[in-house]
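You will see subunit A twice below: alongside subunit B first, and alongside subunit C after that.
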Partner chain A sequence: MAFLDQLGLLSVTWGSVVMWLIALTLIYLAITKEYEPLLLLPIGFGILVANLPMTDLMTPGEGLIWRFYHYGVEWEVIPPLIFLGLGAHTDFGPLLSQPRLIFLGAAAQGGVYVTFFVAHAFGFTLEEAATIGIIGGADGPTTIFLAAQLAPHLLGACAVAAYSYMALVPIIQPPIMRLLTTQQERAIRMKKARTVTTREKVIFPLAATMVIVLLVPASAPLITMFMLGNLFRESKVVERLRDTTQNALMNIVTIFLGLSVGATMSATNFLRIDVLFIFVLGLVAFALSTACGLLLAKLMNLFTKDKINPLVGAAGVSAVPMAARVVHKVGAEANKKNYLLMFAMGPNLAGVIGTVIAAGIFLTMLR
Partner chain B sequence: MAEEVLAPLAGKVLSLAVEVGATVEEDEEVLVLEAMKMETVVYAPCDGQVTAITVKVGDQVEEDDPLATIK
Partner chain C sequence: MDTASSIFLNGIAGVFTGIAVLYVMMKMLSLVAGRSAPGSAPPAPKTD
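This part shows the complex of A and B:
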C-alpha cells in the first residue's frame, strides 16, 4: 500500500490532464507549425512536467526547475541576458536613418496603456493590469520581466500570450492594417533613407543608455544590457563577446527561460477564468497597439512632405522582426515593387525600446 | 537605353530567374533576394534584353548594388 501512495498516477487530477493537453498542443504547434519553436517547445515541456504529480520539480527551495525559475527569472537575471543577446543581434541602422519613425514605435505602445486601464476596470489589480497591458508590446522577455516583479502568479499565462501573439502576428495584423489604410496608402513607396555612419552606430547605444536610464531608471536592467550587447556589435573590437552573447549565451538562457516559464503554469495557476481574460485583453492590447501605430503614421502624413507608408506604423509593436516582415508583405501586395522591410525595421526597433520604457514606467509607479 | 536593376535592400541572392540574353518585360521577375529570412522578389524596371548579370546565387549584396543590366 505504501507503494501505491507513492504512485504518481493516482494523484492525477482533471486539471493536470487539461494542462498536459495544453502542453502537448504547444509542443505540437512548435514542431509542426514552427510557431516560435525555440520558446514554445521548452515552455510546453515545462508545463507538462510541472503538472506531473509528486515530482517536487517546482517545490520552493527544493525543486530543480524551481531553482531555475527562482535564480533565473525571480532574480531578474535571464530576461536582461536575453536583451544582451538581442542587442548584439540588432542593427539600429534602420532606426537611425529615419529618426522620425521612432514616434511610431512610441505610438504603438498606446495599446499597452489603454489595456492597463481596461484590465483594471475589469477588476484586476493595478499590478496585474500592468502585466496584462504589456502583452500589447508583444515582447516576451519584457513581459516576463515585468510579470516576475508585479504579478508572478500571472507570469506563465502572460508569457504564453505574448509569445503566441508574436507567432500570430501574420494573422492578427494584416486585417487591421487593411481596415485602417487605403490601397493607395499601402502602395506608397517611401523615399530612400540616408546612410548611417559607423560613428553614429557606436554613439547610439551609449547615448540611448544615458538618456533612457536618466529618464526612466527602472528600465535600466533591460536597457543597459540591450545597449551593451549593441555596443559589443557596433564597436567591432570584441567580436568574441558579440558572438557568445548573440549565440551561445542566448541559447543557454533560452533553455532555462522557456522551461521555467512553462513550469509556472500549474493547473491551479492557469485553469482560471482570469486567464481567459488575460488572453482576450492581451489580444486587444496588441490590436490597439497596431492601430495606434498605423493611425499616427497617417497623422504624420498630414504634416510631412515625404509621405510615410502608414503600414510601417504597424511595425511599432515590438515583435521583431515578424511585424516588419508582415508590413513588407502587405506593402508588396499593394505594389509589388514596394520594399518596406528596412523602413519597417525602424519603428519595429523603436517599439522594443518603447515597450521596455513602458515596463519601466509601470515599475516606477507600482513597485 | 540601358537600365540597371538595383538591389532594393541588402540580402543574399537566392535564385536567378533570367539568363544573359533573355528578353524581359517590365515587372517580370529577375531574381530573388533573401533578407531577414524572407524572400523578396526583384522585378525588371523596364522592357528589354538582359545584357549582364553581375551577381550569382549565394552572393551577399548591399542596398543599391547593381544586380543586372537590361537594355
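This part shows the complex of A and C:
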C-alpha cells in the first residue's frame, strides 16, 4: 500500500496544526479587518501551504516557493523592487518644505538600537539582535532585507511582527503620544510650509542617492531603487515606467514576497520560545521608536521659534502613511483646526530613509 | 557586549550623521533650486 504510506494526513503533527491556525488567523485578519491585507494574505497562505506535510514546496533546490524565496529574497531582489515601487509612490515635498523634520526620522531609530542592545543582552546573537531591532523601524521590506542577510531563520517571525505592528499603529501609538505630550503641546498649530519647486523634487533623489550611498554603501540596494522610483515620478518624462513600478511591478513582487516569507515559517522554525521574545521585543522597539521621535520634537521646541507639534515626531517610524494619519487624527482631537497630515509625512519619509541607513550600518558592521 | 556597545554607539552616530548631511543637502537644494526662476510664471492668457 505505497499510496497509503504517502498520505500527507499521516504526517500531520501538532506543530503543523498550530501553524495552520496561525495562518488562518492572519488570513482572517487580512480579509475581515483589512490588516495590511496585501502582505498578510499571501503570508498567511504561505504559512498554510508550507506546513502541509510532504509538499516539498520549501525543499532547497526543488520546491516551487523555495525558488521564489531563494532567487527573490536571498538574492536581495524583491525588497529593493518593493522600494522601487515605494519611491514611485512617494512625494518628498512635505520633507523638502520642512527639512528640520528629517531629524525626527533619525530619532525614531533610537528604538531600533536600544532594542538591539536589549535583545543581545537577552542572549540573541548580534545578527539576530540587529534583525529584531530593525522591527522598530516599522518598515517591512527593510526588515526582510536585513533578516535575509543576517538571520534568515528569523525572517518569517520578524516580517510578520513588522507588518503586524504596522497594521496596529492606530492602536499602539496613540497611548504613547498622549502619555508623552500635554494637551497644549498636541494642540500646537504648525506654521504653513513653503511650496517646493519641481526642480528641487527632481534633484533630490539624485543628490540623496549620492549622499546616502557615499556615507553608507551597504544601504545602496534599497536606497538606489527607492530614489530611482522617485525620479521616475518626479521627472514626469517616463510615465509608463512610473506607472509600471508603482502598480504592476509592485503588485507582482508583493505576491512573491508575501508567499515566500510566509513559507519560511515552518512549525520547527516558528514554534519556539525565542519567537515569542521577538514579538515582545519588536513591540518594545516600535514603542521606543515612537517615543524617541516625540521626545526629540519636544527637545527641538526648546531651541526653535516656530514650534513643532511633538506628535509629528511619532511619525518618524516608517509605517507610511499610517503613522502620519494617526498623528493627524490625534492632533485633530486636541485642536479641531489642526491639520497635521502633511507635516507628519515629512518625518514619516525621513523614517524610511533613517531605517535604511540603520540597516546599512548593521550590515556594514555585522556582515 | 563590547561589540554590541560599539554597534549601538556607531549606529546612533551613523544615523544622525547621515541624516544631518541630508539636512544640509536639502537646505542647499532649497537655496539653489528652491525659488522659481525669474520669468517662469505662466504667460498671461491671450484675449483675442
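Everything that follows uses one rule, which is that the second predicted complex is superposed on the first by the 367 of 367 C-alpha atoms of A that agree within 3 Å, B and C clash if a C-alpha of one lies under 4 Å from a C-alpha of the other, contacts with A are read in each partner's own complex, and residues count from 1 in each chain.
The working rule: a contact is a pair of C-beta atoms (placed from the backbone, for glycine too) under 8 Å apart; a residue touches a chain by one contact, two chains touch by 3 or more.
Nothing here was measured: the structure is a model prediction, and the numbers come from that model.
Annotation for the three-chain superposition on subunit A: subunit B and subunit C fit side by side. Shared-chain residue A:Lys336: touches subunit B; no touch with subunit C. Look at A:Ala207: by the touch rule set out above, it reaches subunit C but stays clear of subunit B.
When the shared chain is aligned, subunit C comes close enough to touch A:Gln109, but subunit B does not. Legend: residue contacts after superposition of the two complexes on their common chain; A:Leu363 is shown touching neither subunit B nor subunit C. Contact with neither subunit B nor subunit C is seen for A:Val312 once the two complexes are overlaid on the shared chain.
Note on the composite model: angle subunit B-subunit A-subunit C, taken at the C-alpha centres, equals 70°, rounded to the nearest 10.
Contacts of A:Ile353 after superposition on the shared chain: subunit C is touched, whereas subunit B is not. Set side by side, subunit B and subunit C differ in how many residues of subunit A they touch, and the one touching more is C.
When both complexes are overlaid on chain A, the residue A:Arg325 reaches subunit B alone and has no touch with subunit C. The superposed arrangement places subunit B and subunit C with a least CA-CA distance of 18 Å.
Shared interface residues of subunit A, touching subunit B in one complex and subunit C in the other, do not exist.
Put simply, subunit A touches subunit C in their complex at residues 95-96, 99-100, 102-103, 105-106, 109-110, 112-114, 116-117, 120-121, 126, 129-130, 194, 196-197, 199-200, 203-204, 207-208, 211-212, 215-216, 350, 353-354, 357-358, 361-362, 365-366. The residues of subunit B lying in touch with subunit A in their complex are 8-10, 27, 35-36, 38, 40-41, 43, 63. Of all the residues in subunit A, the ones that touch subunit B in their complex are 321, 324-325, 328-329, 332, 336-337, 339, 341-342. Residues of subunit C that touch subunit A in their complex: 1, 3-8, 10-12, 14-23, 25-27, 29-30, 33-36.
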